[in-house]
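Chain lettering (A, B and C) follows the sequence in which the chains are written, and residue indices restart at 1 in each chain.
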Amino acid sequence: MKSYRKELWFEIPDRRGFINITPHVKQCLAESGISEGLCLVNAMHITASVFINDDERGLHNDFERWLETLAPHEPLSLYQHNQTGEDNGDAHLKRSVMGREVVIAVSERELDFGPWEQVFYGEFDGRRRKRVLVKIIGA
Amino acid sequence: MKSYRKELWFEIPDRRGFINITPHVKQCLAESGISEGLCLVNAMHITASVFINDDERGLHNDFERWLETLAPHEPLSLYQHNQTGEDNGDAHLKRSVMGREVVIAVSERELDFGPWEQVFYGEFDGRRRKRVLVKIIGA
Amino acid sequence: MKSYRKELWFEIPDRRGFINITPHVKQCLAESGISEGLCLVNAMHITASVFINDDERGLHNDFERWLETLAPHEPLSLYQHNQTGEDNGDAHLKRSVMGREVVIAVSERELDFGPWEQVFYGEFDGRRRKRVLVKIIGA
């Protein structure tokens, strides 16, 4: 069994944003030399997300608006968590909706995706460098 | 290490619906010959979901009603994504709540499930053939 | 390829609650002898969740309040599922938001976590003994 590990670093200039990280994950798979297996991609921070969806700007705006409806950033007093001095209570909840991780099949040296699947890093408390972990196991 | 891959095709006659795909996944596991490992089951489309819950019709009706509350299909103008000519903005959000994938332990040649766990395909933009991927790795 | 399996049992004295199960999962990893691989941790019950977030009491209170807003326990008549004689329709929905499972990278014999990542069992229909499955595969 082969295994591969890499950390990817991102810094989103705003509080929230989405980045298509599919090219980075493909690069990891190429480096791994693994042809059949499973690829885990997860946020290493608990106010960020890794998810699979469509690379379409309108949809990303819909996610942004919708998540603000489900778990608004303000008022900060809405979240007990913010009494610790943080202002990211909403970010923990938004990340829970979007998910921490994805597991992707690896088949014939490729990410085994449907036609529109793309991997995104979702940031809900940005303006600092944060990490994504790529772990691939297989043969 | 052994690996196995299969695509399962489904066509839901309505816009939304849930199908219990557990028998299909069990069949895949039997074909794989794998006795210990991990089984990934994921929607290959970004407006559909694979999830684990109870096979109870009332609960499925509750999911349908609840998801419509969280991300209603109409008005179509609610979603910027629909300005692309699509009418499935809501489906991308509903799928995010229910999840893209499940990872199931394989132990002693069986799906290692609790008493009520069943695997479902959740369709949020149906009336066409769509795919689920089953990937199993192990020994 | 090595594989390891263990069931962890928990009983939450209230209907809902969160327990940090990270020490239990670390113990499983130590017992497994696996140094590189993937660790699946999943609820075996469909009204409970395993998720990764922060071990901060205020945040857990925020989760509790927020989930009650998204899928309130009462009125029981809100859920068709409760017509079966159950009173846990809300618990199935809450678990869907928080997720059934997590997949954790194993690197150099450790859970490969970011600085604040902790694994939680989330109970939404407690007051009875319920199980979590830990399955680890690797080398």
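In this text, a contact is a pair of C-beta atoms (placed from the backbone, for glycine too) under 8 Å apart; a residue touches a chain by one contact, two chains touch by 3 or more.
The model shown is predicted, which means the values in this text are computed figures rather than measured ones.
Following the contact convention of this document, C is the list of chains adjacent to both subunit A and subunit B. Where the sister copies subunit B and subunit C meet, the same residue numbers recur on both sides for under half of the interface positions.
Averaging Cα coordinates per chain places subunit B and subunit C 20 Å apart. In subunit C, the positions touching at least two other chains are 1, 38, 70, 97, 99, 103, 137.
The touching residues of subunit B, when paired with subunit C in their complex, are 1, 36-38, 51-54, 56-59, 61-63, 66, 70, 97-99, 102-105, 107, 112-117, 137-139.
The residues of subunit A lying in touch with subunit C in their complex are 1, 3, 5, 38, 40, 42-46, 70-71, 79-84, 89, 92-93, 95-97, 99-101, 103, 131, 133, 135, 137.
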